[in-house]
Amino acid sequence: MTASAAPPLIEFHDVTAAYGRRPVLWNVDLTISEPCLFGVVGPNGAGKSTLLKAALGLVPLVGGNVRLFGEPLRNVRKRVGYVPQRETVDWDFPVSVMDVVLMGTYSQVGWFRWPGRRERQLAKDCLERVGLADLARRQIGRLSGGQQQRVFLARALAQQADIYLLDEPMAGVDARSQEQILHVLSELRNAGKLVIVVHHDLRTVREWFDAVALIDRRLVAAGATHETLSRENVQRTYSGVVDILDEVGHAVERRSRTS
Amino acid sequence: MSFGYSKISKCSVFRLILSFSLVFAWWEPNAARGVERPNVVATTTVVADLVHQIAGNRVEIDCLMGPGIDPHSFKATPRDADRLARADIVFASGLHLEGKLSVLLDRLARRTQVVQVTDSLPKEKLIRVTKSLYDPHVWFDPILWSECTKKVVVSLGRIDPSGSTQFADMGADYCQRLETLDQQIREKLSTIDPTHKVIVTSHDAFRYFGRAYGIEVVGIQGTSTESETGLHDINRLVDLVVTRRIPAVFVETSVADRNMTALREGAQSRGHVVRLGGRLYSDALGAPGTGAETLEGALRANVDVIVSGLTGEN
Amino acid sequence: MNLSNMAFEGLFAYNTLVVMIGTAAVGFAAGMVGSLGVLRKRALVSDAAAHVTLAGVATVFALTGKRDLPVLLAGALCAAIVGVAVLVFLKRFTRTRDDAVTAIVLSVGFGAGIAIVAGMTARGVPGSAGLEHFLLGHTAALTSGDAALLAIVSVVSVSVVAMLFKEVSLIAFDQSFAAATGWPVAFLDYLLVVLVAVMVVVGLPAAGAVLVTALVVIPPVAARQWTDRLVVMLMVAGLIGMVSAVGGVALSAIVPRLATGPVIVLFAAVIFFVSCLVAPKRGLLARVARSLRSQGIADEHG
């Protein structure tokens, strides 16, 4: 491994996390040095969200550490964007789409001050990119699932980060919104950002993602998608269940191509 | 060898001391007690005083509520309930003065002698508050209060028959003293300017006093201290105090005086300064040593405070 | 209630004005601060804080023997702050549910207070009986000093909310995002509940414990019916709190024998019910009208 001039974008060193006595992540060693669209997949409860939260300092680590751009998180927080899971929020909260996206600019604005014209313009641009520009004034409860996810994405975009961590951004989202989101993520990758996405659908991962990590409380495998997402690795991670669904998915695809 | 000897020695000394203590423990109380006195529990200091004036040292009087305790809101603890249960006789004031004890006293009445001293008073002589509720602050009319002595004398006689004559004598004596006191109060109160003859206090404890001596009595909170005042009532009182140019208002020893402060501020805003005349004994007598630990002492003290308050300079 | 004794001139009496100013200030501040608490789903923190104050009041009285309002309020404040801090602490570190920790703090604090008061009464400490009445409030007897204190604390609370508006609304809306973007979530969490505790303690003489909880909860919930925008919700909640206070005070000045504190709360409750019925979009009538309309359209096209 040649010594590169710049430190790796993100490094997980021997990361172990537990909730009380229950370990959710064991000894995860993972380094990503290049901007890419990176997927994190695995069965339910495998610790995928925990991996992201570990990078963000949202869960206490029992062992190991995470470095971003070679530094601890507190030095580089402004360069990390976050899209949490949709359930973390009460969507009946009296805020509009624009209000939520503006929240992405709060760190830049700092204590006591109010987002100004610059921030509002930035928010508008982010809303354009995710295709929600005309819904800026709508209260967030009156959006569809896909639109809600896109609001969260716009908020993360407003953070103007270099690394983006997204936790199930396409859960419960219709196919069209999913494609829109994936387009935005690809654009980010093309602009030189690292985008790490916890995702559930292996087929989308195969199609869109450059690299992937398979997690089942420990790191099963990681690397370029076409190599890492082998049948064997997937089986080891999911213990065979998803394999069948994957097969069915392939069969359907083959059928639709031939017909 | 020496070790074993000192051990035995310590042990036997210990046993000796122990047996002596046991003998003394059993012996002592009997020696000191002599004849056992009846155990009387009174609820308020006022009732305890009444019983004491009649019974003297012939009974052991235990008072449930101390000086400065508000009987309207007093709640009995398990220890209080215990003391009440162990009494030979319980004297209460009655007419729901001890508002929160009524259930306890009712239950107690099935097992022990419970005497409500105001029971014997004819209802026509009482001040009615609502259809079924009477004002319980009877002791502020000494003559009316003296009519309760008969019931106390009879009740005490039942538990201590050998003292019946003594109780009757002391009872009569007390009634005489209360009559004299009544006269003295009338004389003192006559020195007050009739237009200023208004007592404004925290709650309606002094209605009997007012009726007996021709003084207007206004309580902010009504008959019980448990109710919250309304703004209308406070404004009305400010009006009264200002239009009649009343020089002083009075607080009570057992009730908080926040209403008074608001009243005085209201009057001041209209250019009339109202002094705080002093503390009146209302639902409880004074602490021992103040001179107001008996009803006579407390009434005298109250009258002095009232007179100096209502005749003083503005 | 003797209606023939109504006194309309009482509206302009000095005492009426003093009480109006004090309670209006509390009503406004409680509405604003309470909005954030309600949105955090921590509405009952105010209830816990109010009940815990008894332990503080009883302790302070036991130590000093004084019943002056500032002294008792200081004790109440300490107890309330400790109480809510314990509440937040329990929630963060033991993963117990919000309603459970609220119940624990409320009952333990209140029970301790009752025990101390009963102990003092049993021992005959003068002035100790009826300390619990502190929790009932003496709204009608507010003095100018009380009103001034209430006004100052209210202004300070509202200022804190205004200054930290974006920070506390971010915490209220999305804690994970706030933490991830580097905001001190724990600190702001404690700050918010301490603010609620301060409001409650200051509101105690004005409205009493149970009633102050009502002032912190009812106006925000009523305000929510009228708007979908956070800033507007806070302003409307403050306004409703203020109007309830002024209305309740006015009514109790006119009609005899009406305890002022409870009337204020009844006013707020009436405003709440009316809001639920009449508010555009979220109100009951509006929703019924909407469904009838869409029913009509469906019938037309059906």
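A few notes on this one:
So that you can tell them apart, the chains are marked A, B and C in the order they are listed, and the count of residues begins at 1 in each.
In the analysis below, a contact is a pair of C-beta atoms (placed from the backbone, for glycine too) under 8 Å apart; a residue touches a chain by one contact, two chains touch by 3 or more.
Just so we're clear, the structure is a prediction, and the values are computed from it rather than from any experiment.
Contacts with chain A and chain C are shared by no chain at all. Each chain's centre was taken as the mean of its CA atoms, and the one lying most distant from chain A is B. Centrality annotation: C (chain centre taken as mean Cα position, compared with the mean over all protein Cα atoms). If you average the CA atoms of chain B and of chain C, the two centres end up 39 Å from each other.
Chain A and chain B have Cα centroids lying 76 Å from one another. Not a single residue position of chain C touches two or more of the other chains. Note for the complex: chain B touches chain C at residues 65-70, 72-75, 77, 79-80, 225-236, 238, 253-256, 258-259, 261-262, 265-266, 269-270, 287. Residues 56-58, 74, 77-78, 80, 82, 84, 88-90, 93-96, 99-100, 103, 106-107, 109, 111-112, 114-115, 139, 155, 159 of chain A are the ones touching chain C in the complex.
Taken together, the chain C residues at the contact with chain A in this complex read 39, 41, 163-164, 166-167, 169-170, 172-177, 179-183, 224, 227-230, 233. Against chain B, the residues of chain C that register as touching in their complex are 5, 7, 10, 13-16, 18-19, 67, 69, 118, 121-130, 133, 136-144, 249, 252-262.
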